[in-house]
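Comments concern the structure below.
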Amino acid sequence: MSSQSILSFAPGTPAARLNEWLQFFDTNGTTATQQFLGDTPVIIAHGPGVDTQAPAALAAPVAKVAVTGDFRLGRRELRPGGTIVRIGDAAVGDGSLNVFAGPCAVENQQQMLACADIAANYGSVGLRGGAFKPRTSPYSFQGLKWAGLELLAEARQHTGLPILTEVLDPRHVERVAEIADGLQIGARNMQNFELLTEVGRSGRPVVLKRGFGCTVDETLAAAEYVLAQGNDQVILCERGIRTFEHATRFTLDISAVALMKQRSHLPVMVDPSHSVGIPSLVEPVSMAAAAAGADALLIDVHTAPEQALCDGKQALLPTDFGSLMGKLELLAMGLGRKMAGVMRPVLADSER
Amino acid sequence: MSSQSILSFAPGTPAARLNEWLQFFDTNGTTATQQFLGDTPVIIAHGPGVDTQAPAALAAPVAKVAVTGDFRLGRRELRPGGTIVRIGDAAVGDGSLNVFAGPCAVENQQQMLACADIAANYGSVGLRGGAFKPRTSPYSFQGLKWAGLELLAEARQHTGLPILTEVLDPRHVERVAEIADGLQIGARNMQNFELLTEVGRSGRPVVLKRGFGCTVDETLAAAEYVLAQGNDQVILCERGIRTFEHATRFTLDISAVALMKQRSHLPVMVDPSHSVGIPSLVEPVSMAAAAAGADALLIDVHTAPEQALCDGKQALLPTDFGSLMGKLELLAMGLGRKMAGVMRPVLADSER
Amino acid sequence: MSSQSILSFAPGTPAARLNEWLQFFDTNGTTATQQFLGDTPVIIAHGPGVDTQAPAALAAPVAKVAVTGDFRLGRRELRPGGTIVRIGDAAVGDGSLNVFAGPCAVENQQQMLACADIAANYGSVGLRGGAFKPRTSPYSFQGLKWAGLELLAEARQHTGLPILTEVLDPRHVERVAEIADGLQIGARNMQNFELLTEVGRSGRPVVLKRGFGCTVDETLAAAEYVLAQGNDQVILCERGIRTFEHATRFTLDISAVALMKQRSHLPVMVDPSHSVGIPSLVEPVSMAAAAAGADALLIDVHTAPEQALCDGKQALLPTDFGSLMGKLELLAMGLGRKMAGVMRPVLADSER
Amino acid sequence: MSSQSILSFAPGTPAARLNEWLQFFDTNGTTATQQFLGDTPVIIAHGPGVDTQAPAALAAPVAKVAVTGDFRLGRRELRPGGTIVRIGDAAVGDGSLNVFAGPCAVENQQQMLACADIAANYGSVGLRGGAFKPRTSPYSFQGLKWAGLELLAEARQHTGLPILTEVLDPRHVERVAEIADGLQIGARNMQNFELLTEVGRSGRPVVLKRGFGCTVDETLAAAEYVLAQGNDQVILCERGIRTFEHATRFTLDISAVALMKQRSHLPVMVDPSHSVGIPSLVEPVSMAAAAAGADALLIDVHTAPEQALCDGKQALLPTDFGSLMGKLELLAMGLGRKMAGVMRPVLADSER
């Protein structure tokens, strides 16, 4: 009966050549649409003629993948080697282990620069920091907003590291995308489809956090909203799900890390800090995430966790972060992988 | 030590009189802000002077409620008698049992009007119908959008019943609010705080669906985003949470219905259809919801469920809906409550 | 291909007539075993000849039900009218609403008799009370054990009501069954299959509590362990499942009540007390359970909840229990059902 | 106020010396009981005199730990260096990484010996295999029972590796303990307290699997039932919990591995096979478990998974098991740990 397939073509295949395929499908009663997965042209065909022998004159597809359901552009079969997402100099998905670190929320210049220094000195490849903070209560600190973004940009200049920050509102995407190197979609917004579409359109790298009440399948489906805009720079981020176990803040779904790597060509990040909510568990869970195959880790670091305006209780102290980075480096060797960042000699301020 | 209280005042208390309170608190080192809960002026005071004896000349508060945490304007203590939310002629929260019914999604004129007739004839107080549909996959039917809203408006004119519909995007709120009698925030958007703020500003009645991964406390906190805009027309809607039990689509949290009624003055609605996802369970679960104290039910009805473009498999057939409405009427008597709607004699088209 | 069916026969069908069926199946390559579901003989046949036309001379089955999977003897199709489980004079499953009440744990003679009086006076059909208590910690009160059973028996004599109590250990079943009218399997033991088999063998009525981490399907499968011993006197008991929501102790799965009634001929009980763990929620949740179709309720009542040795904080005070019983009686009328118990004039001790 | 402490003493402290402590507490109004944690004498004291300065003549405790709640003998503070559980030559808890492998169920001699060979050849330190199988349905294969135990004993003789097997019924414990080197308590029986007490009494090493609906706190409390019998040879085993995510069979709670290690002195095992239920995920999840600090892994291996009588679909093929063992060895180096087992040259049968 009627079936569905995705055909992918070499980057640069001329539009005219792709149109020949669309015409071919049109003539045999098959619905076909052409899209891009980054620079890869793909044609999604659905109908009785999907598997009809095509004329030899048509451009040969690089891959043809039979699909069922709505998980399409993210399927690993389309890119068995995986997608590399570039955020600044970081290449997430190239096999290396990448750590993004920083405070949960940008609070002020002094705090942001201090945290950025720590992140940079111990070998992070990028900075995290929230300027727009989605808070359960309207009465909680909502972030410094645009002023926070400016501090993040200053931290980028200070350290040379790219910045990753959350965007909450489709009306903000364009402006945030002008400043940030990577856009983060928070767990509460994983199924905010209007927002996903806007970040897809922005073309910026996107870290898509799994909703804490959402399945792996739904996470992959949410990624399709970004991919369907032609933006293939998507990192899937496991950050814990809601379960009956409240000894930790959320339950990190370690199996999902491996499962998403197997099902999708997109790289996978893990956020141990928000998942466990207990500093002493961040190290073992980070180690586990790397061993399960995560491409990147997102870690809360704070110079004075007890004074943090948001989620401070889970942030690592600088020394603990340094210790973790050292252990991750040894672990990476045991895994036959390399740490992406480099530790920097810590300079006195006068030496900069 | 420092404590926090909410003072509520009689509607119509002059601003000058409220300002006297703000000045009083200011002089004794207490932070105080004035807000409205609908037409009720409230002052939220936080600081050492909260419980200082106030001068007798100040306007006497109707209630003074000590609060901890961020659950403020929704607290039942502020309105022990409860809030009535008016959607068209329906008065949700006045003790009566209100049924809103209709199709999950507006599909076309013929379907919408047929479903609206059924809803109206069997005693619904309002129509439901999705024009903007949040779908897990970008490749699923996303609703008729603005055209769907026009069909809803037509169904309103046809039946005289108010219409309730979902809004997904903060950029759409103003325009949707011009057409719809009530705005629905879907489960996936319960923590889309930008959207909550916009619907709060719209002043329209809001049905706030509990996120399937969210707690009762978080649901109450989300309502605060709407209430904090001065809009007290909020109905909390339980529609099932995610659990390990997959025999039903979600697990309806019946205890939460009673718990939210006890903790908050806001009325509570239950959506059995989306919760169970199995038509034969809609009736017993609707009965249970009413018996647990729900003020309203939201029920999917479809003239041809098997052809529905969205969630058809859970919609009730017209005859089953009629049977349920009859049973709810008897149940309401056993509960000492009344059904809000009236059954209408079904007229042949020629008689209208 | 090979399929599976259950044939049920009229009670009293002679063994010789059943054997003719077994021989018939044997000769056409079908595996068949004969069992009893209470007094109903059934033959479970599995193989290619299940649907072969049987000789007219064979005893006509009352029903023949095609089955897939391992849910067999509990299927509603085998007894569309449902099974009535008799505990003392109570007939659970006959359409009436039955309340079993008493303390969580038997503590001493005075407490047990006082609670029993309250249960009896307000119309309970049976007494609950734990003598053997399964406790999370070995350092908690483990129940009065055999002495507790004697106090329960005394309460039975005092009130004339049957007693229902938990059994924990397969080595205890025989002796507990000699004393108690009904045996309760606790949630923690729902998949203690050795224990299930022993209570099946005892022939006593069994209340099988759903495990808080177990699905409806697993609950029905657990009941098969009892049914497979020929004991059809099984009541399924919903008592809440573990979910992320901790505002209540467990999450009562109200849909499961209706679902188990639809799938199985066994009656269904609900335990609101242990499910919610909050006295003020026991009433609305009890009402909901009855409205959803529960045949029975199991309610913790205590004369001095704050002094209870086990789970006291969830027990209803006598007056609240009385109020609930009155509301249930009105509700039952709205549902077209009757309350099974009768309220008794409360006599002074001297009048007894 | 009244408080509670545990005092631990050097192994071999004479009973008379311990009695002096009991008398001392008795005279100052403190309840004290003496127990053993393995060969370590402990006194649990509860009352106002817990912290009274004791006479210098009393035996000096090795440690004194203030406790709240019912988590007592398993607390890490009592043995900061951790407990080593010895099963045959394996020393679980000494810092090394130990793999126990074998089939889910013992099926027949040929299968058991073949699986045992594979386990042994690739460096397992012990054999797993179920003789008594707890099955959701009474109609599923229930294990070979005593005959299965004999086959396990034969596999032990064949390989020299100790055997680990599940016990289900308190009436079986004594006899199973005579044969098996380690007793396993399955997830469904984690709160079968009668069974826990019996395995405690047996003195055998116990692998206590976390119930799939149970919290970390409840798991630690269940271990107390074994410890309270003086048996300190307990391994806690994480094997996945029930969550809404059904892409994997259960959700492995990787944070719990680290958390249990921090809170308790007992070693921790992880069962990736039953947790994920998908062979391709066993490797990454095993790696994650080791990286999170697990002392041991329990892995299903089968020579012909597709023919297994129980849970075959999750078993690793021999070659995949071998590959995993090689990767674990490299990983252990990265973690600064050593693999406990040794790979053996695979001999032809004639060479044995």
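First chain written, first letter: the chains are A, B, C and D, and each begins at residue 1.
The rule is simple: a contact is a pair of C-beta atoms (placed from the backbone, for glycine too) under 8 Å apart; a residue touches a chain by one contact, two chains touch by 3 or more.
This is a predicted model, so every value here is computed, not measured.
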| item | value |
| --- | --- |
| Far-end chain from subunit A, centres as C-alpha averages | C |
| Euclidean distance of C-alpha centroids - subunit B vs subunit C, Å | 37 |
| Averaged-CA centre spacing for the pair subunit C and subunit A, given as whole angstrom | 50 |
| Interface hub residues of subunit D, defined as touching at least two other chains | 213, 241-244, 246 |
| Arrangement of touching chains [line / ring / star / complete / other] | complete |
| For the subunit A and subunit B complex, residues of the former touching the latter | 70-72, 134-140, 168-171, 188-189, 191-194, 197, 211-214, 218, 221-222, 224-225, 228, 241-242 |
| Subunit B residues touching subunit C - in the complex, by the definition given at the top | 213, 215-217, 241-248, 251-259, 261-262, 275-276, 278, 280-281, 284-285, 287-293, 330-336 |
| Sites on subunit D touched by subunit B in the complex | 242-244, 246 |
